[in-house]
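After this come two complexes, each holding chain A, first together with chain B and then together with chain C.
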Partner chain A sequence: MPQQLAIIVLVDVGNALASSTLEGNTYLFDNMKLHGSENQGTGELVTAINGSYWRDGSQASEQVLNWLPYSLGSIPPTVPRGYEVERARQTDEQALAELQELAAKSTVPSADAEAELNRIRRSVGTRVKTTRRTRGRMSGQKIVDVTGQVVTEDATAAASYPAPVITDIYGEAVESKIMYPAEYGSPDMVTDGWYWSATVDTSRPGTYSYMMRVQLHKLVQTNGELRWDPVNLTCASALKITSEPRRNAFTKAGIGPLPIPSTARPGRGA
Partner chain B sequence: MTTKPRREAAVKRPISITAVVDAVGALAAGNMHGHLYMYDTNKSGGSTGFGTEELQTKARRGDQILWNCLALECEAYVAIDDIIIDRDVCEPVRKVYPGTDVAYWTGTVKKDAGPITYQIKFKLGTRDEPITTTLSSSLVG
Partner chain C sequence: MKTQVNIIAVVDVIGALSVKTLLDGNLCMVDDGAFDSAHQGTADLITVVKPGQVVSWTALALDLQTPVEIKNISFEPANGHNGAAASGPAMSPPGAHRTTNGGAHGQAHGQGQAHGQGQEESEGDKLDLDVWTGVVPHWMTPGVPYQYRLELQMYEGSNSVMSIDSPALMCQ
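Here is the complex of A and B:
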């Protein structure tokens, strides 16, 4: 069984939303550079998949691919899963403590108390409205900026975009039954528990394109309420399947003869 | 915990610079060359050099810059150890996302200047010594 491959889909969400396209705003990576993948870090990645075969020519094994969508310029995927919900809870607790303190020290309303209340109101941030569509993944969270601070509705221009979500993988490679993609759930901390994965039939060499349907989220304010509105865009990529045998990464030699230097063997006298 | 006062309604998004690091490649080679891909969020503002080691970020006086990094393999450890830049132009400091130990670097551009190059020191895997970039990215006024 070969190593599973990861394809990172890095999206400049802000720019993609502003220009309504993923083209020029998506950067793709895989970990097959040494195996011949081309155009790493651009929107034109061609993922190299080297088939492995038995000596009679039959396919030895399929290849497994995983896609990881990330947002450029948001809170990185290395913070714990559900970070926005955690921040919402922390700031609620802090505001409660501050309110208690304020209540304890002033019994009569005053300008000071009002200013203090305003300060607390700001530090408590703004919650996103939970709609039927966004219940679950983004429910109960507050608007958090790119440094992890909660923000109020007047400062949402600095909001950290939620990571892109792949909602479908289709196109030539799928239609011609080269790869079989599906969405899986897992306790993976990095990808929010859901990820797209595919097995690739490596027995038919060639270059095959495929499309990804990607959902971004735009922060909109309607009737004084904030919510993340989904925006669906697509982007293309390609797989290049070759029938070259796998190579030894240390010697660059194939899997045939062992790379023994061709010096004379002892006892032969040459 | 700081929050911007209401009068600063036109809050500007910081310019985020993300370094995508092929940690395995960099550790094998002992340098960052060819194993680093730099991006920022100011493409519409005129930044160039995306996906290379020589990102040119368009940034003016008053702009807040935020650096973070991403490992190409999600299991690999990658962190920014330092950013070497003219302190008269920008003074990056290391901060963490509240309640976590995930770090980012941030600084404000103090003055408009010509292209100011900077180098990043990366901590990779279990290697003690940080690896410094050979080619430089820059802030372009």
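Here is the complex of A and C:
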């Protein structure tokens, strides 16, 4: 089986954060329904991995898996990675222009000017505070809703959650050396540049469970400051490995002559 | 002389499923034969071989994550097709296709049938276990292209099996 297998880990981030569990809030899919994967689109996916071996017993194929986490109710993953930064810059520029206009218009403070200032402040949105712990990926960014509009402190319920991040894959399948997972970096913008991949040893059939550690981010407000707090949750899945001998497709046995009819002679353009 | 000739059918599965044909560049066949195979990189590949050589077919998906497998390869006469035109979703399931051809082609034909009838075939039934390999028989007439039908299974569904009749094997 030379082709790679993708497992989509779709997380309902809002509900998972609210109930502090991935159970019932995770939907798993893979592209191997044809080969026997079960429970697609639920949290109970069993990924079928059909191994094969040559007649002499040597392993003919192994399987490569890729896990792709997605978030339900966020900015679509197909939007370029710099989109939130770009949106934040646009709102900054707009606010500056409006401030300039306001400054030129009124030299004396007035109720009107104050209302106008308030309006500008709201349209400018809120930046997430950078702490030592949260420096990096989402720090200093503005909070954006699923439509790409910046949101203000009092409307953070509409915030688009950052995509879930798989931080570890472990459990029975890993401990019994059925699969060898590792995290890779890639220039792929859809998966945010990081993904987990594993090679599966298909020579030992059986059903093996494994666990994924998934990091979500919760928007919290303390002392008027907003922060994305990491929340680590786990989610279980399983691999069902079978293994069968490869076979000659023409003869269903050993190698033989090609089944070319000796009587017929299909010539080109005949 | 090489003992084995490999033929790889590279399939743009998304392209093929979108326009429902393996033509228009959705199928690209290449071999590594030592002789002058014609039409490399097209669906009309004529692989030049010698009797006794082993020919091996492999399908490869352009999109790494869409399963594509060879469903069947058959050397039956082009039965109304003239070979130049080809493709589209297979008109009938391969099993039915075989029975319409009857058993008129002797023992060699029977071997070809084994694939369709020896077992209950469901869509994509462990096709990944199949190794499409065979020896070039000595009874082929040199210089004559023997066209074959290549059937590909692309995941599942009503249009998932497509075939092409234009590639051929030719003895030197």
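Please note the rule applied: the second predicted complex is superposed on the first by the 241 of 270 C-alpha atoms of A that agree within 3 Å, B and C clash if a C-alpha of one lies under 4 Å from a C-alpha of the other, contacts with A are read in each partner's own complex, and residues count from 1 in each chain.
Everything that follows uses one rule, which is that a contact is a pair of C-beta atoms (placed from the backbone, for glycine too) under 8 Å apart; a residue touches a chain by one contact, two chains touch by 3 or more.
Bear in mind the structure is a predicted one, so any value in this text is a computation, not a measurement.
Counting the residues of chain A touched by each of chain B and chain C gives the higher count for B.
In the superposed pair of complexes, A:50 makes contact with chain C only, with no contact to chain B.
In the superposition on chain A, contact is made by A:79 with chain B only, not with chain C. Looking at the shared chain after the overlay, A:241 reaches neither chain B nor chain C. Once the two complexes are laid over each other on the shared chain, residue contacts for A:4 go to chain C alone; chain B is not touched. Touch criterion met: A:158 reaches chain B, while chain C stays clear of it. By the touch criterion stated above, A:31 is placed in contact with chain B and with chain C alike. For the contact definition in use here, the residues of chain A common to its chain B contact set and its chain C contact set are 6, 31, 33-34. Residues of chain A touching chain C in their complex: 1-6, 31-35, 50, 52, 61, 66, 244-252, 255-270.
Put simply, chain C touches chain A in their complex at residues 46, 54-55, 60-61, 64-68, 70, 73-78, 82-84, 104-106, 108-109, 111-112, 114-115, 118, 123-124, 126, 128-137, 139-141, 144-147, 155-156, 168-169.
Residues of chain A touching chain B in their complex: 6, 8, 10, 12, 14-15, 18-19, 24-25, 27, 29, 31, 33-34, 40-42, 68, 70, 72-80, 83, 86-87, 90-91, 94, 119, 122-123, 146-152, 154-158, 190. Across the interface of their complex, chain A is touched by residues 1-6, 8-14, 16, 18, 20, 22, 24-25, 37, 39-41, 43-44, 50-51, 66, 68, 70, 72-74, 95, 97-100, 102, 104, 106 of chain B.
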